[in-house]
Amino acid sequence: MNLSTVIGITLGIVLVVGAIFLGGNAIIFLSAQSIMIVLGGTLAGTFVSFSLEDLKAIPSLLKISFTNEPIDSHNIIDILVDLAKKARKEGLLTLEQDIEEIDDPYLEKGVQLVVDGTEPELVKDIMETKLAYMESRHSKGSKIFSQMGALSPAFGMIGTLIGLIQMLSQLDDPSKLGSGMAVALITTLYGAFLANLFFIPLANKLKVKSKEEIIIKELMIEGILSIQAGENPRIIEEKLKAFLPEEQYVEEEAEEQVDTSKVVGENA
Amino acid sequence: MNLSTVIGITLGIVLVVGAIFLGGNAIIFLSAQSIMIVLGGTLAGTFVSFSLEDLKAIPSLLKISFTNEPIDSHNIIDILVDLAKKARKEGLLTLEQDIEEIDDPYLEKGVQLVVDGTEPELVKDIMETKLAYMESRHSKGSKIFSQMGALSPAFGMIGTLIGLIQMLSQLDDPSKLGSGMAVALITTLYGAFLANLFFIPLANKLKVKSKEEIIIKELMIEGILSIQAGENPRIIEEKLKAFLPEEQYVEEEAEEQVDTSKVVGENA
Amino acid sequence: MNLSTVIGITLGIVLVVGAIFLGGNAIIFLSAQSIMIVLGGTLAGTFVSFSLEDLKAIPSLLKISFTNEPIDSHNIIDILVDLAKKARKEGLLTLEQDIEEIDDPYLEKGVQLVVDGTEPELVKDIMETKLAYMESRHSKGSKIFSQMGALSPAFGMIGTLIGLIQMLSQLDDPSKLGSGMAVALITTLYGAFLANLFFIPLANKLKVKSKEEIIIKELMIEGILSIQAGENPRIIEEKLKAFLPEEQYVEEEAEEQVDTSKVVGENA
Amino acid sequence: MNLSTVIGITLGIVLVVGAIFLGGNAIIFLSAQSIMIVLGGTLAGTFVSFSLEDLKAIPSLLKISFTNEPIDSHNIIDILVDLAKKARKEGLLTLEQDIEEIDDPYLEKGVQLVVDGTEPELVKDIMETKLAYMESRHSKGSKIFSQMGALSPAFGMIGTLIGLIQMLSQLDDPSKLGSGMAVALITTLYGAFLANLFFIPLANKLKVKSKEEIIIKELMIEGILSIQAGENPRIIEEKLKAFLPEEQYVEEEAEEQVDTSKVVGENA
Amino acid sequence: MNLSTVIGITLGIVLVVGAIFLGGNAIIFLSAQSIMIVLGGTLAGTFVSFSLEDLKAIPSLLKISFTNEPIDSHNIIDILVDLAKKARKEGLLTLEQDIEEIDDPYLEKGVQLVVDGTEPELVKDIMETKLAYMESRHSKGSKIFSQMGALSPAFGMIGTLIGLIQMLSQLDDPSKLGSGMAVALITTLYGAFLANLFFIPLANKLKVKSKEEIIIKELMIEGILSIQAGENPRIIEEKLKAFLPEEQYVEEEAEEQVDTSKVVGENA
């Protein structure tokens, strides 16, 4: 569970729905037609903007936004330092046994390449190409949501324009102007609400998560290449710690009983 | 057929036209004058923004957006690996026979250069110059549509202003204010609708497609240069696979009967 | 004549003026005060934004936008290849005779440097510095118009606010509200129209033209340096053709009677 | 105390609250519901946009914005030059004694690395990685506030839409339209006020402070590496002074009694 | 005197004030409260956005915008070429005598470094660091004004919202709606006017001026390093002329009586 996403969305819905109920007459805020125009129009524009393949990623993008897999950078550093120690003592080939236990497929791939005796230059090349491609896929994911965040207020306005035009052109009784405008404005409300509580923030969350992941991957590349080069594990640790904020590591060291496999990520 | 473009545009039109018909009085939404100002004005601004040469590309840009030619990166990798194997066994010159069968003109050109015995540095230079130029042409194509996406709501507003000024200045009977405003707002509606269902999403689709194509071309450059350098086909495959998402390749390998020429692209 | 600029502006004016005349009462759309505020205010803000020297370039920027000097890249390639052939056969010094006939001052300068026996590194340096500076001047030209495109709707709104405030504060007879608002809105209309038919599209046209010119200049640098290095003319041609789209060159070759000096540019 | 933040916020509140009180009827501007929607909605959207870890940094980001720790670049240069002199006379190892007295943890770390005999290449690597990571954390901090600055006017508008819809749909007595709209508009006012006096300016302040800090850190890297390379202290001073504006240093030298430890930062 | 700034601001004020007086009732456009909210609010937001140190630069930024010190690039080139000739004939050390006469402190510093026998690599390093830092200070100056340009319409709207809420909530007599709205709109007018005639254009002028200065400084670095390397003065001149537009230099040469110290800058 990604707590912040769940808290944020719950809070936003409770507040807005609460404000609506406090005003009495809540039923007027429900409009199937408005939902159709805003959600449908946003979806339509998104279909035109991306390919079916890209859109198939939406469920997994939502899953990433709602589930929490905090990346534990300390754990990764510890794993890399352990591998470095072993490689130094018993040779690079013995790392083969540890590959199974590595959770992260990217790190696994890197260690596999090293064990296979791939040239360092090629390992770097492959790992960086993989990272660059991953980054471009992530950025596409985030762009799908920010595109939706731009389209939904636009279709909200389109719905309101349709409503206004219909209402104004049939207006016989000026006293109905008020209620007619109320109905027309609901679509704008839907568009603004969807964009500002869902689409734009979700696009941002995906962007933030992607940046975190890239830092971790860069740390892994650094670590793998250092292991392959047979560098001193102490120096490797020093180098990798530079990727983390000072405070974080200090805190960490303060906890006496460091349990590598359980440490919770604290990526401030 | 690019399914997502067709689905999106159909869905968007059905929804908006549906909402209009549900409101009764649909005829009021048709206005030749509004279409003239919005479409004509957008076209006029686009003519000033670009050259005739650039605008001649619009039909082919639309064709690219509406037709689907999914790039099958696996297929490309397989072709490159096959060429690498052959080149290693029988020499670079024998690749001449395979050039005919290569569909992609860019890849064909690259292999031709290698067969002609062009210096590796020059091959790289030519291929990268071609790619850079192609990228800049693609980006111009996408900019034509995003410019139209910016101009069409602007001319929508211009049309509404003209309508409002005419209506307000002749207003004798305040009861006609409503219907007058309704007519004036239609131009804004047209502008917003065209921008958000067509121009902006199409600009985005072209941008996305261009990025995909560039990755494939970069993969081709990498492959061609590796073949020319006489690298091990297994290593070439490893390098090129780094351009694809992990999952995609795994899926691929799961399918036992790999038929190189039919594999459908799954560029997630 | 730059056809697209002329067509676009004519079309835009005809459409908007047409829509105004169709509505009858066209005289109300003329307002000297509105023109003064919008055009004058835009000019005032532009004066503050740039220096007199920069603004002196406006007439020549307009001339560039309205006159068409399509850059014929094939012609340039042919000239460069011819020079390369001659230099190879008869020596670099004999190029002196051809300098006179070169129209483009940039290319002329480059060949002059080569004939003067300037070091290749220095030729590259000088040509690239000239190009970078030219690019920065072009970008300033385009920014003058895009700044005007941002200022004119703003001063349109300022004029409308002034009109509204005057009208509302003197409002005795509510029945005059309509015609007062009509007058006030004219300034907004002027601002939006000027920005979207003139300033923003002209800024874009200048940007597009600049990019084209830069590609041609880069092609020239590549060509000049290759000539100086005494490279094979066939290879030079190959390298320079990489700057052009594939189709373009094919078309070209299809025309049997290639007349180097007359080929019309087809910079798609 | 960061004087400018405190002055700015006080001034802004005094002016706006003053204008409200001058208009009499100030009580109408208090609305718990509006605060709930604007602040709550902004918070909700921010929760969705970032992770809990990121949001935990808000208090310390506020502290950075409100407290003033002017970075005294002269002091840093003096410290570095002193260290350089000592290192030259008595050897790098003797710097160990001075580490305790260095306030800045980043500089301390750098000197520690040098004292430990770390390879120059590795020192540079570690210091630059730390700086890059710090920069990315800073930029995230500033983005939290600019995201809030974008969300708060949006939720202001959402609140106003809700109010308008409720008011218009229940409107029996047109004479109440005025007061109803007044209430609805308060939420927009809150959103605009929060964004333009708090969120957007605070985001900017954090960005400006981060840039200053990065320049100082770059100066430190330059200094540390020069010390390690055993460069002439006079030359080191010359190099580091290039990071400061001319005037600043001149002023500095004018003050006869330079007291290294007290000089107040004048980062113009 | 920077003519364009003075002309622009005078023109803008005359036009807008003229339009106000033409409408009669000009007194209504004066509102101390509106000025307080717009100017005060903008200032408040700017204080929060920047540090006191940064804001102290505002007067000198205004001075830069209003006074004209056209940079005479020809003069600079002539000085550099003269120095190059002297250095070649009489040795680098003799340049010491000329330092006094150099007006530009940046150029002076560079020549001083060369005379002091500083290593070329270090001269380049110091000059480029100084330039980079200067650029970042300039960009901060321009950002102060563009931030004000964003804040002033926002506080204009805030003032109008306050006015509207007060007016609407006390509205007993609907006939006063007009004059109340007129008063409320004045704040929006102030905000828009300040932003579009002052803040945004001044930010732009500073940006343009900074770019010009950077080009000149880059030209100086190129010149100083060439002098130090003992390059041929004719070649140095050739290299430096590449920084200027072609026409400018031609014009220059056309004037027979070139008086190096008086030539007026024509930085088109």
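So that you can tell them apart, the chains are marked A, B, C, D and E in the order they are listed, and the count of residues begins at 1 in each.
Heads up, the rule we're going with is that a contact is a pair of C-beta atoms (placed from the backbone, for glycine too) under 8 Å apart; a residue touches a chain by one contact, two chains touch by 3 or more.
All values derive from a computational prediction rather than experimental measurement.
A.B. asks: Going only through chains that touch each other, what is the minimum step count from subunit B to subunit D?
C.D. replies: Between subunit B and subunit D, the shortest chain-hopping route counts 2.
A.B. asks: Measuring centre to centre with CA averages, how many angstrom lie between subunit B and subunit C?
C.D. replies: One centre to the other, that is 25 Å.
A.B. asks: Can you give the whole-Å distance between the Cα centres of subunit A and subunit C?
C.D. replies: Computed from C-alpha means, the inter-chain centre distance equals 41 Å.
A.B. asks: Can you tell me which residues of subunit C touch two or more of the remaining chains?
C.D. replies: Touching at least two other chains: none.
A.B. asks: Treating touching as the only link between chains, describe the layout with one word: line, ring, star, complete or other.
C.D. replies: Shape = ring; chains linked end to end, path closes on itself.
A.B. asks: State the ordered list of ring chains, commencing at subunit B and continuing via subunit C.
C.D. replies: B, C, E, D, A
A.B. asks: Which residues of subunit C touch subunit B in their complex?
C.D. replies: For this pair, the touching residues of subunit C are 2-5, 7-9, 11-12, 15-16, 18-20, 22-25, 28-29, 65, 68, 70, 175, 178-179, 181-183, 185-186, 188-189, 192-193, 195-198, 200-202, 204-205, 208-209, 211, 215, 235, 238-239, 242-246, 265-268.
A.B. asks: In their shared complex, at which residues does subunit C touch subunit E?
C.D. replies: So the residues of subunit C in touch with subunit E come to 33, 36-37, 40-41, 43-57, 105-106, 109, 113, 118, 122, 125-127, 129-130, 133-134, 136-137, 140, 147, 150-151, 154-155, 157-159, 161-166, 168-171, 174, 177.
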